[in-house]
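Before I ask anything, here is the structure I am working with.
Each chain gets a letter, A, B, C and D, in the order it is written, and its residues are counted from 1.
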Amino acid sequence: MCDKAMESNRAVIVGIIRSNHPMTRDVFLMTVTVPHGFESAMPGQFVMVRVRGREFPFLPRPFSIHSLYREGEASTMEILYQVVGDGTRLLSSLGSGDELTILGPLGKGFDTRYDRRTVALIAGGIGIAPLHFLAQYYNKKNVHGEEKPRLVCFMGARTADGLIGRERMEQLCDAVMVSTDDGREGYCGMVTDCFVDNSKTMDTADLILYCCGPYEMMKRVALMAGDYSVPCQVSMEARMACGIGACLGCSVKMKSDGRPVRYGRVCKDGPVFDSKMIDW
Amino acid sequence: MCDKAMESNRAVIVGIIRSNHPMTRDVFLMTVTVPHGFESAMPGQFVMVRVRGREFPFLPRPFSIHSLYREGEASTMEILYQVVGDGTRLLSSLGSGDELTILGPLGKGFDTRYDRRTVALIAGGIGIAPLHFLAQYYNKKNVHGEEKPRLVCFMGARTADGLIGRERMEQLCDAVMVSTDDGREGYCGMVTDCFVDNSKTMDTADLILYCCGPYEMMKRVALMAGDYSVPCQVSMEARMACGIGACLGCSVKMKSDGRPVRYGRVCKDGPVFDSKMIDW
Amino acid sequence: MKVKIGSLEIKNPVMTASGTFGYGEEFEPYVDLDRLGAVVVKGLSLEPRPGNEPPRIMETPAGMLNAVGLENIGVKAFVADKLPYLRWHSVAVIANIFGETLDEYVRIAEHLNGVAGVDALEINISCPNVKKGGIAFGAHPGDAAEVTRCVKAATDLPVIVKLTPNVTDIAEIALSVEGAGADALSLINTIRGMSVDVEKRVPHLKNITGGLSGPAIKPVALRMVWDVARVASVPVIGVGGITTASDALEFLIAGATAVQIGTANFINPRATLDVLEGIERYLVEREIGDVNDLIGTLAI
Amino acid sequence: MKVKIGSLEIKNPVMTASGTFGYGEEFEPYVDLDRLGAVVVKGLSLEPRPGNEPPRIMETPAGMLNAVGLENIGVKAFVADKLPYLRWHSVAVIANIFGETLDEYVRIAEHLNGVAGVDALEINISCPNVKKGGIAFGAHPGDAAEVTRCVKAATDLPVIVKLTPNVTDIAEIALSVEGAGADALSLINTIRGMSVDVEKRVPHLKNITGGLSGPAIKPVALRMVWDVARVASVPVIGVGGITTASDALEFLIAGATAVQIGTANFINPRATLDVLEGIERYLVEREIGDVNDLIGTLAI
């Protein structure tokens, strides 16, 4: 569905950083001005980013689009990222006016054609990044006249500190449930358990799950979704080189049901997959 | 002579850029704050420079000390450099507050123990870089009570634009002769010819030459100096890796007079050599 | 800018490297394929192959390791599903092929023989990733010659043999392959390498080792092209770390008739065209009318 | 942090790589030699050698090429002029030696035998720069074994054999050399490479080709250490592109008993100590009391 819009906008563009602030000790929110035409991006799509003029890191790094809005002649994109290595450390050192080389929007975003009355967004840690854009999308969709489903967001993190952008999600969703491993904030335990507890009151026949987070967490959600026959879309991660389906580096094993082993490309066939497609 | 002072100061230090301005289209003057202790550097010595936190360029780059003065607790060093490739292009993009990793002062500087009444500084293009520091040194020496020789500077460049820092040299020297290839400014022709024309009035028995510039120019000066038995010190260039005599990468062929071929290390045995030592 | 690779004339010396440009269509938004000298497609086997288990790639200093394991859709699906797109373009198409046995090489070559839209074969005797794959053929002069001879006998297309750098004497293998009838040589494929995750104490690649590519290997590739171009009488195609026009010019000057751009496509999807335009500028600035007058002009 | 290289016990696994640390004294202002596991000195020949004509070095992506040509002061001047300085320190001294003939290797070994202050020999059978030099010995298992056997017979010191990466099967050569009595293996030496000045159309190095070193080659070195450490029963010393503690840890985990720091010394003269301190921190954080408990623990 979003394939065509995407194709026509794929190009190497230069993004100009407007701001780049720490949200927590290791999570940063970056605002980037990108050229007009970028707004057709769909939630779940991503960009490949390099710092302009820098030889290092060698490969571009993939980041989900955290939000996107039109501003006059240009668009503004937000990236929410966690510092985990050299590439993200470099990003965190940049400031207003610095330039990025951006490829995108790339990949297949969340499939939003499901007609379900309850939409559950399940985020583990930095997994909130693409789900925020999805929540924005549902709010905008509403503006355009379609009936807005009930948006329920489940955010999990190790500590309260890791519940990034909770306030923003509260503005976009009908309910936000938080969980922390230490229970200092919200539900005590894993976001998946928090979801299970709460889902008992949900009508699984009218529910769709969108999930992004650590592999093990998404796997749990996928299995639950399978058990209850609830459609579930997961946003996968893999190391990437090209980001456009050419290198076959970003593979994820697909369910093959007896047929020969088959790998999907996270960058091109995903990053968002129907959870039933993945061989967890 | 300056070996000991140098040894005690060798260390990896961090320099903070104070300013970095273009002097001509491709020549920049950079002012760097370096820690106290650096002032013992001698004219002709150099530093190996990397941009702090940058992986590229891979090897540090050598630059002569253009000037050096104490300022309170720290010292200020100037580097005069020409943009010729990626490393110097990167340098030219830096600004106040950016940091350099600096090794130095390194190498053997100009030997200033000659007791000659006329000191001729012969600079081709960016070759003025170390000679400016030498001129400063002779002026300071004077302050310290020793008799100051007559300083005559010969500056050559392709065009008038390339006569970098002429005014500064005029303040430091008793005479400054300039030459340009196109003759628009000063002597028309090569700096070596300009020197020959003027040297006729000089007492070669009381003359010493300090020379820095393109290889072919230094070779000419060296041959002339040989012909007239005038002592001549040349500052050589070579690609460097370590800058401290360990890699044997920066070799220059030394005169061997029949004995087996012998190479000197520009970084350790030089960069300044008695011109008679070089196998031109 | 025309150069000849055996009997195949291409419009300019800039090609894509196999496995880094998909089947061409992935680069549609970035590159006008018609401007390229040739597109070399992802390595094809007789049957589809799933490739290696992930993780398959890892970044290294100025390069990357890959252990894709020659995943591909197989030669039949290529002809049916991918070739039509390429045929819409005027660019030369070179099919990179590999087998696990001599017979497989021959059968793929036969399958592609006479297929409209395929302009040459590049035989990969050098992929270091699959144990039963190319490595056995590429490392020994005799084996390399034999696979060349068999493929030549099975096809009317020009045959380019792609050499592995993981050998003691690449020139020896080049000469052996040339003697067996190769119309051209391309080199180098990736250099076997490895990377370890020190936190988890496991290899970064599931396959343990992988092939190193990118700027890091450029000096090695250039040296091997030089070693081979000096002794070979067929055209040599230079591959390995080429990222800029200047890189490509190094290879041409050292004796390569054409170049392939690989990993650079991942850093900059327009890399092929940037290289091409840079070569054009260089020739214009130096008033070199024919790129063939630049090839092999290294003064030593 | 103690490790054993044959009969030689060194205080920690961090050494310098031959040719990148001079004779130790060049690093006096930056490195307290007593803290290092060992200093491997610049390669020594029987007679002094002037080395190659400049230019000798060129930067490459994440690495450098060198064609120093094994310039050195000769074994006699080393003992007379350079060794005394090193003897002031408690660091183990390893003499890297090379010859153009078997006889030369033997005579250098004899010359160093019994010389106080030399703790081991590292025989360079792998330098790719000098045509008549190491290359012939290092590339063939038989030759490599023979030079090992002869040097072993001529010395009471532990003998480390330094292998060249420019071969098809480094493990084969390692086993051959081990069979000939080598007490340890060090690898890798530089990979042959080349670089061209496209403005002047000449090689950047007067010698045309040179040896590639630095981070660019780290994945290749690590893979070879892995290939060799799996099959060898003597200690393996990892060399090639090691710049940080993390790099060194990759080699230790893959099976190296010690590491050598080469080109990194040019980027940061304190690199050896930075690596050492980083390894120490890693062990403390993970409560690994003995570095030997880390060596070869790669889980696959």
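Following the convention adopted for this analysis, contacts are C-beta pairs under 8 Å (C-beta built on N, C-alpha and C of every residue); 3 or more make two chains touch, one makes a residue touch a chain.
Keep in mind that what you see is a predicted model, and the values were worked out from it rather than measured.
Of all chains in the assembly, none touches chain C and also chain D. Taking the mean of C-alpha positions as each chain's centre, the chain lying farthest from the centre of chain C is B.
Chain A and chain D, compared by their mean Cα positions, are separated by 48 Å. One inter-chain figure worth recording: chain A and chain C are separated by 36 Å, centre to centre, where each centre is the mean of the chain's CA atoms. Look at where the CA atoms of chain A average out and do the same for chain B: the two points lie 56 Å apart. Residue positions 60-63, 214-215 of chain D are each in touch with at least two other chains.
Each of the following residues of chain A touches two or more other chains: 55. Taken as a graph of touching chains, this assembly forms a single closed ring in which every chain touches exactly two others. Every pair of chains meeting the touch criterion is listed here: A-B, A-C, B-D, C-D. Of all residues in chain B, those touching chain A in their complex are 54-56.
Taken in their complex, chain C has these residues touching chain A: 19-22, 26-30, 42, 48, 50-51, 53-64, 66, 68, 71, 214-215, 263, 265-270. If you check the complex, the residues on chain C that touch chain D are 60-63, 65, 139, 166-169, 191-196, 198, 200-203, 208-209, 212, 214-220, 222-223, 226, 241, 246, 249-250, 253-254, 282, 297-300.
Interface residues of chain B facing chain D in the complex, by the touch rule stated above, are 7, 10-12, 50, 55, 57-60, 101, 103, 238-253, 260-263, 268.
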